[in-house]
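Below are two complexes that have chain A in common, paired first with chain B and then with chain C.
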Partner chain A sequence: MQAKDALNYDYSVAKCFTYAAILFGIVGMLIGVVIAYQMAFPELNYLAGEYGTYSRLRPLHTSGVIFGFLLSGIFATWYYVGQRVLKVSMAESPFLMIVGKLHFWLYMILMTIAVVNLFMGIGTSKEYAELEWPLDILVVVVWVLWGFSIFGLVGIRREKTLYISMWYYIATFLGVAMLYLFNNMEVPTYFVAGMGKWYHSVSMYAGSNDAMVQWWYGHNAVAFVFTVPIIAMIYYFLPKESGQPVFSYKLSLLSFWGLMFVYLWAGGHHLIYSTVPDWVQTMGSIFSIVLILPSWGSAINMLLTMKGQWGQLKENPLVKFMVFASTFYMLSTLEGPIQSIKSVNALAHFTDWIPGHVHDGTLGWVGFMTMAALYHMAPRMYKRELYSKKLMESQFWIQTTGIVMYFSSMWIAGITQGMMWRATDQFGNLAYSFIDTVTVLIPYYALRATGGLLYLIGFFMFTYNMYKTMTASKAIESEPQNASPMAA
Partner chain B sequence: MFHWLEKNPFFFAVGVFLVIAYAGIVTILPDFMESARPVTGTKPYTVLELAGRHVYIKDSCNACHSQLIRPFKSETDRYGMYSLSGEYAYDRPFLWGSKRTGPDLMRVGNYRTTDWHEYHMLDPISVVPGSIMPAYKHMFKNNADIETAYAEALTVKKVFNVPYDQADMPQLGTYDESKKAVMEQAAAIVADMKSTEVKEAFKRGEIKEIVALIAYLNSLK
Partner chain C sequence: MEMETIRELQAYGYIFATIFLSVIMYGYLYHLYKAEKKGTRNYEQYANIALNDNIDDAPIESRTPSNKEKE
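Then we have the complex of A and B:
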């Protein structure tokens, strides 16, 4: 890639989404810490009356971090990476500039209404698809605008070959579009019956079918929001920051198409021993195991990209964040398949081991990669060096400690819970009443919440570092080629 | 082959879409009809129960409570007969949940009573010492939304042929007829409750959320 060429990339939309990612990151993670402490100290449920109970806040936490923090992060990186790998500036097309800004503002309006709705308890109950039909329509509009942006930029590109990151962004767009549409099929009741709340709707599917569609969606929302776009990020930012070429093109090809084909089958592992057909459960289980291959393919490709360059981990905290992220991706994509094995699932399902698994993926892989990407973008977007390397180092270790506390406490809690549910005395009677299996977990809940708090503190350090970078850091004259410049 | 594809975004996108759409079709469609068939004896919810179900959803009870009993002895001993697909035929949406912070509620109507629920929702520790569940006092203040529940029942009857208004099934009729049935069902629950607030409101013709919720929980068998 030639630097200092004539192209002036336009980062106005990328900047907007960067602010949104930081804002929703704080909101979503703060609510997460609150609900985590609520499980250890139930009195905390009464801070805001009806609107402060665990059950009202939980969908706000999940939606806040997934669709607030992460989606903003994905959009921010897209509006940065897209132009650069396609070798075309957004400013060359007034149409794409308008689309980008409209995309941002509609997204913000949508998120604001969504937050209010979820506080009020307006929703469909489907996990990660709680929004009612009027907002679903707005989601579709926002998504279509993003599609215009992607394919519009692709349409006017100078670099004819799509870089690996582009494959993953396109897959994110298509995957989420398909999943979201089919899972949110619902009939607005007001228009059939002519009474009741106008925004209420009823699901098109019932019972086991509804469960199957929901977890086909739910699992693959993880695939296409937590995995696919994050791989898009790492394929761009790690080689760029470290100055190393991607280890293997063939491996990236195999991993991409493998991931696309295999991921969608694995939704059934959320429904093992449920009332969906046995063969669907078995398929879900088997394909989850197969999924290790493409997942590790990408992660290993990234680790081998650093071959012979491990010294960079000592010098550059951004490389450390990204290498750590791919390592956590490997851990998480091994843990998931293990939990999908039927006999393990019988123990693990419904326990705290599941949120434990989710969080080593989201905090370690998704969170670290997204923050590293935004760190990398900042000196290029604001023409200033990163404010503090030291702060970044301490952030890394504080957050890493938080993650380890989180997942280790949840592993112990989950397995304890699962074992106690099935424990019997010498006569074959259940050994514990349900409440025994709850009270025993309280120390682990406290530990988990504190792990989450450490991660949140780290996120505040990230926010401060970013803010200082934007406003008070030393200006740089030319764009850095690889390693991001940072003050000690 | 792939080099060609990477220069043709249109065919690339079509290719990706085909590869990802395939699995959904193969896993969801084949048993769709069979999974939609009710078990004999399963009935759709009455309008009051449906209003209670909306309260259950509004306060995300499903974030901590499952409604799915797996076929293990440890589960059937604790919660009763394991779940059958056809028992969920009228559940839109399904409420299986994904986490058991609290116990399963699939058949809670078999072993809990109206007054137990009333105490429990007001102050969980009073009936389950050590409970970490929050109290839901606002359910004693907010009114249940009967109109929306009726609208939903009518919608599923018209659109999905849910067997309301048939022999041995819950009767809907017009909204006024339905409201009468709702009041009757609610009266029985209110009679078993202690809260004067709820009783006073019922005399004025108001049905509190807690009444609807208890009707729903009692119907889970």
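Then we have the complex of A and C:
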């Protein structure tokens, strides 16, 4: 059949989301570096009036990197991987092409309004759920469009079995849909009580209930945005780039169900020693510890996939990025459970150890895996080899140094902080006031911000490398089967 | 209900949930290995879906045509 011979995968939507991931990566990480320096040098808060204060910028950093950089990365990889593992092209369905493009443009409109809103200080004050109700409705529309795209493509697939990455993408879709709907149940105050502007709202839940729903959502945002779709990526991109099949497909299935069941119950660990019922705290703690098993199941499966092939680490920087990502996944999924043990949490809670933990996961695991995935996709999408291997190697080491500076400074700062808060004299009086701890921590804040700056520099190198790959790199005649071609 | 009774019920619930979930997990593992041994499934071959993913590669398992197509 001639028509089928000419059929190719259509990457137009994947390309759009790749540009978005790069754009939001720069914005989100730049703001992150600014607020990190603000912690070390507070006078930086006053550079741009109310718009440059820490309180305005912090939600922009978190939303920018989570819902901007990362979601775009997830969507970009989905529109690439989805077609390939289902062996069906989007070009075969005009409907799915329209859905994909609408998905992208509505997402961009949503993100633009969200950025303006957050700069203006309009938000619900719920962490990672700051958007007001009109934007929440738009989020639902964007998400449903993604759902159409996923299940539409599944509906016309040639490959009967859904590859393990597909399971994870579908879980991301369903998990976030459920979490987002429940946590963003809001009462529009203007329409109900004539209070505030038309877009203002308060949570439908009150007090401790609100806290429980919020952290059930908050921690599962980590689960279904920082973990599940990144596992989807690594299960496709590491085997494909290295040419090695997944070490144990059965282990990937077992880990999947383990992760799905356990993760949803772990959120209570954010509320240990708070006003929520004791059993919720204990359950959060126990499930967090059990979570080591499915997390390490996936991570070890990835490392064992490289069995006998470790030489590739020397030759291929993309494999290095991915193996490093998997290793950092193991580190942060061991660190998190340790922090959720009640006695450890008594020391760690509210300290800088927590953002330290978050960032060795996000910078090491999420960031590295997403960039490696986009690097892998570039030669296949643009039919050109990657622009510079040397630049990629330098980026790897600069960013790795940045990550190590970030988490080591935050470990020291967090434990110092926790110890100082708990220290008492012989009569049981607190030995230090709050400002004493702040003074001690300033050098670590400077170190952390510089670590973040190194990571940002690495991200600019990634951007440059991608840009040159798209525009000026040597064209390739046929699609590479495994290792991505790259110029020295 | 007295606090002591609630605690006791929680403890029973905890034990039963642990046993139940362990049985489910090992049951699933047993199911995976048994399906392979009986030859009804070869899970490990699905790993090749990622490796042989060109649009003209033969699917590892093609979708069975629907009844309508069969007619």
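Just so it is clear, the second predicted complex is superposed on the first by the 478 of 488 C-alpha atoms of A that agree within 3 Å, B and C clash if a C-alpha of one lies under 4 Å from a C-alpha of the other, contacts with A are read in each partner's own complex, and residues count from 1 in each chain.
We adopt the following convention: a contact is a pair of C-beta atoms (placed from the backbone, for glycine too) under 8 Å apart; a residue touches a chain by one contact, two chains touch by 3 or more.
In this text, all values refer to a predicted model and were calculated from it rather than measured experimentally.
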**OP:** Have a look and say if chain B or chain C is in touch with more residues of chain A.
**Re:** B
**OP:** With the two complexes superposed on chain A, say which partner A:P355 touches: chain B (first), chain C (second), both, or neither.
**Re:** first
**OP:** Using the touch definition from the top, say if A:K126 reaches chain B (first), chain C (second), both or neither.
**Re:** first
Subject >> Touching partner for A:K160 - first (chain B), second (chain C), both, neither >> reply: both
Original post:
Who does A:Y54 touch here: chain B (first), chain C (second), both, or neither?
Top reply: first
Original post:
So, A:Y236: does it touch chain B (first), chain C (second), both, or neither?
Top reply: second
**OP:** Kindly classify A:L23 by the partners it touches after superposition: chain B alone (first), chain C alone (second), both, or neither?
**Re:** neither
Original post:
Which holds for A:W257: it touches chain B only (first), chain C only (second), both, or neither?
Top reply: both
Original post:
So which positions on chain A get touched by both chain B and chain C?
Top reply: 160-161, 253, 257, 261
Original post:
Can you name the residues of chain A that touch chain C in the complex?
Top reply: 4-5, 7-9, 84-85, 87-89, 157-161, 163-165, 235-236, 239-240, 243, 245-246, 248-250, 253-254, 257-258, 261, 279, 479, 482
**OP:** Give every residue of chain A touching chain B within the complex, in rising order.
**Re:** 38-39, 42, 45-46, 49-50, 53-56, 58-59, 121-127, 151, 154, 160-162, 167, 170-171, 174-175, 178, 182, 187, 189-190, 192-197, 200, 202-203, 205-214, 216, 253, 257, 260-261, 263-265, 267-268, 270, 273-277, 280, 283, 346, 349-352, 354-355, 421-422, 424, 429-430, 434-435, 438-439, 442
Original post:
Along chain C, where are the residues that touch chain A in the complex?
Top reply: 10, 21, 25, 28-29, 32-33, 36, 43-44, 46-51, 53-57, 59-64
Original post:
In their shared complex, at which residues does chain B touch chain A?
Top reply: 2-3, 6-7, 9, 12-13, 16-17, 19-24, 27-28, 31-32, 35-36, 57-64, 66, 68, 70-72, 74-75, 77-78, 83-103, 128-136, 138, 142, 145, 147-152, 154-156, 158-160, 175
